[in-house]
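A, B, C, D and E label the chains in the order they appear, each numbered from 1.
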Amino acid sequence: APAAQESSNTGEASSVETEYAKRITIGRLGDAAYLDPNQAVGVAEITITQQIYEGLVKASEDCKNIVPSLATDWIISDDALVYTFNLRPDIKFSDGTSVTGADWEWSLIRARDAETSGYRFAAEPIESVESDGETVVVTLKEPSASFLGNLCMFNLTLGSKAHWDAVGEQTYAQQPLGTGPYMLEEWNKEENILLVKNPYYWREGVPFTEELNYKVVGDDNTRSLQLQSGDIDIMMDVPFSTVSQLEISQNVKIHTFPSTQIRYFILNTTQAPLDNQKVRQAIGMAIDKQELADIVTLGFGKPAQSLLSDTQIQWFFDGLEYNDYDVEAAKALLAEAGYPDGVEFTISVRSGSQVYEQIAVMLKSQLAKAGINVELEMLERASLSEKYQTLSHEATILQWVDDFPDPSGIMGWTIDYDQCHAWYTGLNDVDLDQFNAAANVELDLEKRMEMYDEIQQRIYDNANVIPLFSNSFVWAASDKVENLKVTPFYVQITDNLKMKK
Amino acid sequence: MEKIVEVKNLVKWFPLKYGIADKIMQKKRKYVKAVNGVSLAVFKGENLGVVGESGCGKSTLARNIIRLYEPTDGQVFINGVDITKMKGRKLRNIRPMMQMIFQDPYSSLNPRMTVYEVLSEILTVHQMVEKQEIPNRVKELLEMSGLSMEIADRFPGEFSGGQRQRIGIARALALEPELIIADEPVSALDVSIQAQIINLLDDLQKKLGLTVIFISHDLGVVRYVTDRVAVMYLGSVVELGETEKIFNKPYHPYSYALTKAAPSLDPTDRKREQIIEGEIPSPIDLPSGCKFHKRCKWCQEICKTEDPVYWEIEPGRFVACHFPLGQEERKGE
Amino acid sequence: MNGLNYILKRILQIIPVVFIISILIFLMLRAIPGDPARLVLGEKATIESIDAMREKLGLNESYIVQYGKFVKGIVSLDLGTSLTYQRPVIELLRSRVKITLMLTLISTFFSLLISFPLGYYAGKYKDSMFDQIVKSGALAAVSMPSFWIGLLLMILFGVKLRWLPVGGWGNTFIEQIRSLILPGLTMSLLTSALLIRNIRNSVVDISNMDYVDFARSKGISERAVKNRHILRNALISTVTLLLMRMAYMLGGSVIIETVFSLPGIGKLMVDSIFGRDYAVVQALVMLFAMIILMINLLTDIIYSFLDPRVKF
Amino acid sequence: MNKLLEVKDLQTHFIMKNEVVKAVDGVSFTIYEKETFGLVGESGSGKSQTCRSILGLVKKPGKVVGGEILYKKQDVVKMSKDQLRKIRGHEISIIFQEPMTSLNPVLKIRKQIFEAFDRTDMTKEEKRKKSIELLKLVGIPSPETRMEEYTHQFSGGMRQRAMIAIALASEPSLLIADEPTTALDVTIQDQIMQLLNQLKEELGMSILLITHDLAVVAQMCDRVAVMYAGMIVEMTDTFTLFSTPRHPYTNALIRSLPNQKGANERLEPIHGAPPNLADLPMGCPFHPRCKFAEEICRTSRPELTDLTNTHQVRCHFLNKTVGFQGTFTPDKKQGGCDGENS
Amino acid sequence: MMRHAKKREIPIWATKPAFIVGIIIVVTAILISFFPQFIAPYDPIEVNSKAILVAPSAEHFFGTDNFGRDVFSRVIWAARIDLQIGVFATIVPLIFGSLMGLIAGYYGGVVDNILMRIIDILMTFPFTILVIVIMTILGQGMRNIYIAIWLVGWMAYAKLVRGEVLVLKNAEFIEAARVTGFSDKRILLRHMLPNVVSSAVVFAASDVVLCMLTGASMSFLGLGVQPPTPEWGAILNEGRAYIMNAWWITFFPGLFMAITGIGFSLLGDGLTDFLRTKGK
């Protein structure tokens, strides 16, 4: 591969590990817009910022626990309002400047106050932050059961205030400066993002590989061809449909990782006939989730019933009462709901996404058997968002990946009407909303888990959000790549990532 | 004699493109001065010839008379009616009385209409005959032009040049016009066919009492078919009179040159002298004075500066020359 | 004088055209459903944050004010800031224009390379086997989508033979040229097909002209006949067509750029339309309009240069 | 006199999918040095194809399928491309009918003249000088500037002159002029004819003049062949042809011309139209239009027969046509019959 | 000069094998598109989880795709959609554009000027971009593809026809019609139109192919027909992911597309000869 050869030219003299490449090229679908964790962030940005920025704590690799990161340990006051974190000494930003208490104060408060952030909710509980450089003391407005989890989020990370002061907001987003294992070296928009090892990184001998070159390749198929031809070494997010051709390709290995990703069928309850709960439940029953998962994920997924992913095992409700796939029952339920001749509605689908498109095609085919006639409407992202905003769609397909080891994120998103009309379903279940709010501040873990069990059941019964299937993350890489690791929260662990020459 | 057409001081200029840079540079607008003040009359039943070199404005004159072009200046009277500014329906109503026969037998017929369609369309639109009479009339027209009804369902592409020209004639006759303008009707035809068409036109003129304006650059043909002839040069008539008289005794040096330049069929009568030099000048920048002076053997000083008057040198004979050939005295002195 | 007239006129014409285009594109963009602010913030954004963003982006102002700003921007050559990229538009364009232009040039080059010999010999040996094959090949090339042809080329030359990179854009000039070969080839196929047809027919027509025979009758070599007389004249309509196609290729580069993952303006345009990145789309449309007007002007100039009969 | 070009039984056919157009069907004639030989006939009678055959310029489906063309005793038909190129433009030049389409519109006149010197080793300056000389010779005023112009800036007459200049560039022994004046006005036609005559005299070349205008023949040629439907129907010297034509077609052609009559006499057209060369009538090709046709004309094709050794006619009834009238009476034939004799 | 009329007994089209091939292809395509249900053995959108990515066989001539759908049936049904796109998207611009060109060319002056300016302006938007913008405004779907192509496509015809009209305006038979005193309407529709429309029709034949390609491009950009509607471009696009392990998904629609394209182009070429010869 050209990239590997190139690194061999330059790397030979300097490095002892001659048998490993200096640079790994990773093919990704889109470019990032900003590399600022507190500006609008999507998956495309997070994959990069999580290599550059670090927070006080982080989720363990299996995402089940919260483990130290820049904080070595922490004490939570009895009233659960004051969190005191002891910091690791001598942490430096990647430009060599030392981290100060001001940086901490500024970073966490900014996460709460930055207007343009889509994830402010994670920092919302914060009342104040004080830091002397050795500890960080966070005071909450009110107790929050999920706050420590929130701190694992990518937007509650440490940035350099001095740098921000020097370059201003706009440039800051283009020239990030954090304490993470890598730092930004070069960024050619729509071409590549080149990360190099942070020389001041606090963890000895980490990361292993000098340079990570994220190459933007807008077309999945091209990306997979590039992997086969050696133009790239790692292909992030392999579409399921492409897996089969990569499998037969020599020198390429498919990697699968457990994930918290679930795809959902979103029904807008403000539109007839979907305003009828029985109709929604009938739809749920008429979907053969097993077949759906089989065909769409080609074996990388399995049917999902609960809103929560079973990867977050402690929150997942395994006692959920759910209906099996049953066309006849679905028909009966439809008749009961007053639609003996079936119903019709339109699924608005994000165009250009093969998975969504395939799910839609499958749903259309399956639902037809129960007398549910759906039209598919492909819309590009912007038009679709407009529809969501005004609740003018009827049904759609969306997905969720958790960001921190706590269910409060997706629960709020799915239930809170104010946030986004209960995930664009328009269901204003005030009672459930209050119940969810209570669960959020319930400090007793046992009790809290029970509450979330109930919530999962109630959401299932509401059937405004119908979980379809969960699936693994599928990446592919050259067989020379070692230690490729992605957590269920879609965090790429690059510590030991390496590639043989 | 009754004047069927009277043209008074007709001028037709075609503007050349006038661009922004010209405007900025304050350049004068330029024109192709195709016809420059032609006056003539055509009498009922006669055959008036118009001769001249290519580009001298013969066709433009004809198209102005028939109002395919709108004259820049001057007037055209048809049967005493001023048609110079006529438009729309009025013009369309006067059209049938004058018809045209075109030069190019290939582009003068719509390739997508059969002969029958061409003729019946005219008869229908102008309601020349009752509906059920149309086939008969078409037959009559075709036979009049030396064709038979058998060919009526064919497309023009299937005919020879001569036959096409006959169809063109039948088309012109369909409206029973009084005046026919024939713009070089035989110059695209083979010699052996030319005679057929000339004879046909001649017969028809006599039989139907038509008035014909016959445009040609072939002097032999003009001499043969026309009663009077107008010689044009650079947009002006330089000489007009009875055909035989002009051929026998041209007054204008240009007429003289034209008649002499035509080759004779007699191999013993070979010319060795050059009759006329140079070529017709551009109609954009007309020469000063007499427009012919640059090519004229007898050119004098005055010819270069003063435009000669067009005057009646003898009854029925007009000429525009300062020194008409064989005339001692000069007009105006 | 006439030429000057013409060029002046064309340049003056550009002004109203650009003005009308600016209005058109401004209105068209606002007619597209979808809120830029929302797109920037992503699906997990809350309603307040969206509103804050709209305020920040100036989307809450009236259309007239927005248009005024847009025009003012154009006049002062400040094309604004991209929403998605958070960079001055002008900076975004700089590298991309180069890529698309290079792509267009390379495919123009390929088109010429392919179409002239094929077209000439197909025309010369009209109705021969060669002619038939070239003609059907050209027809087939016209009727298959370029993303498909591009894919096949990538598999063959990139994955199987590994001669050329599979898409992407390089850092060094050589790399860049190498990475433009396949997309250039793909893009040139349709154009080549059109040109071949044109050249073939021109060659057939021109070969029938008397001046070709007259040239031959001078006893000059067949090569001189071909170059000076046949091809030189065939060039007239061909170059016009080619330049027209160039304008088309510039705009049609979207798909090629996506397939081959080239960060050019075609792709930027589509991404920006989808991303409701008004500033970028507006700037690009104006840029396209300018380029196309320039190409048109150039076409006319070259045309009059190639064909001395043409006097604008 | 020396034979310069001898065409023997030339056959040029256009072979197409469903028909064969016999454009030239057994044409034989000889051109002597320093003479003007005329080829007349109606449109489509095969004149152009005859002269194109001589230079190997017949267009695609067309081909010389038989006969010989001996130029200075060498058979042009059998020549290789290179040999042919040496003849073209050097020994034999051609000018075409349409001055509008016979010069390349996109090349300057200068370039087109220079091309004629392509295979000489003249320097640019020499070429220039020679070109100017040539243009002067054919009567183009201020040749230095006109040379730098394009053909569209030339009038029809000027273009014809330029073409002649190019054709003369290599001082050919034979100039083929394919209807050089047809597209021109009488005044210009006259000038071009005079020019050709004068050049022939000055340069001592032969001219093969093709035309459909009998008057041009009468004015220019020493000997004439009349073609009809790809065949020569009558061939003799000009004076004989115009005084005592012997083929009914020649006769009819002469009689159908208007300028021989007083205005009152009726023209005598030839009826019908020329035949389709792909589908010639049986027998004499002219019989459907011939006033004198009899049964034999319908069935058998007459041969070109010697009437005298300078007069050949292709007709079954040579004696019947004795009384034909020409354009002048032979006794007038004293003065200008210079140059012609054989 | 052509003073000769060529008479031919054999109709011109019969001497053009290419034209005949073109006609055969197009007629077959049209037949297929009218009666896909009689040819296609399976429902083109029916998912079959038991037959995913099956290679071509007697059961599935062209194999199956990732949903287990029969590729042969999809390709056959797609003919209908593609032909529809090709023909509908062409016919409206053909008619509208031709009329605009006719009027502008014949009357000249202000009418002509305005039309040409409009075209000038619209032409400065690159075609593909304009279609994309229009598609994003109108939304995805067949109907909108038509509208987008209509809005853009008529200009080519208008320019083409206008050019022809400008030439023809001075033809002697048009002058003859004017001299005869026919109304403008009659001259335009009876005399002008039949003579100018042929080149537009010929152009339309090749435009059909380009419209089909535009449809395919839109599919590629995610703006094409609504899945699971079978359309060649869309099938090609979906099948790209399987090119290495299930070539049949893309090979057959590609083949059909190419053949249809060739058919229409041959038809267009043949029409040129046919219409021109008739005119001479």
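Just a few scattered comments:
Definition applied: a residue touches a chain if its C-beta (ideal position, glycine included) is under 8 Å from a C-beta of that chain, and two chains touch if they have at least 3 such contacts.
Everything numeric in this text was worked out from a predicted model, so none of it was measured.
Each step here moves to a touching chain, and the least such steps from chain A to chain E number 1.
When chain centres are set by their Cα atoms, the one at the greatest distance from chain D is A. Across the two candidate interfaces, B-D and B-E, the one carrying more C-beta contacts is B-D. Chain centres here are Cα averages; for chain B and chain E they lie 48 Å apart. For this pair, chain C with chain E, the centres built from the Cα atoms lie 22 Å apart. Centre-to-centre spacing of chain D and chain E amounts to 51 Å, using the average Cα coordinate of each chain. Shared contact sites, meaning residues of chain B that touch two or more other chains, fall at 160, 163, 190.
With touch defined as above, residues shared between interfaces to two or more other chains in chain E number as follows: 1, 3-4, 7, 136, 221, 240, 243-244.
Residue positions of chain C with contacts to 2 or more other chains are 32-33, 151, 155, 258, 274.
Contacts from chain A toward chain E in the complex involve residues 220-221, 224, 228, 239, 241-242, 244-245, 248-249, 291, 294-295, 298, 351-352, 354, 357-358, 360-362, 364-366, 375-380, 382-383.
For chain C in complex with chain D, the residues that touch the partner chain are 126, 208-211, 213-222, 224, 228-229, 232-233, 236, 306-309. For chain E in complex with chain C, the touching residues are 18, 117, 120-121, 123-129, 132-133, 136-137, 206, 209-210, 212-213, 216-217, 220-221, 233, 236-237, 240, 243-244, 250, 254, 257-258, 260-262, 264-266. Across the complex, chain E is touched by residues 63, 66, 68, 91-93, 95-96, 98-100, 102-104, 106-113, 121-122, 125-126, 155, 157-161, 163, 168, 171, 175, 188-190 of chain B. Only residues 1-5, 7, 171-173, 175-183, 186, 190-191, 194-195, 277-280 of chain E touch chain B when the two sit together in their complex.
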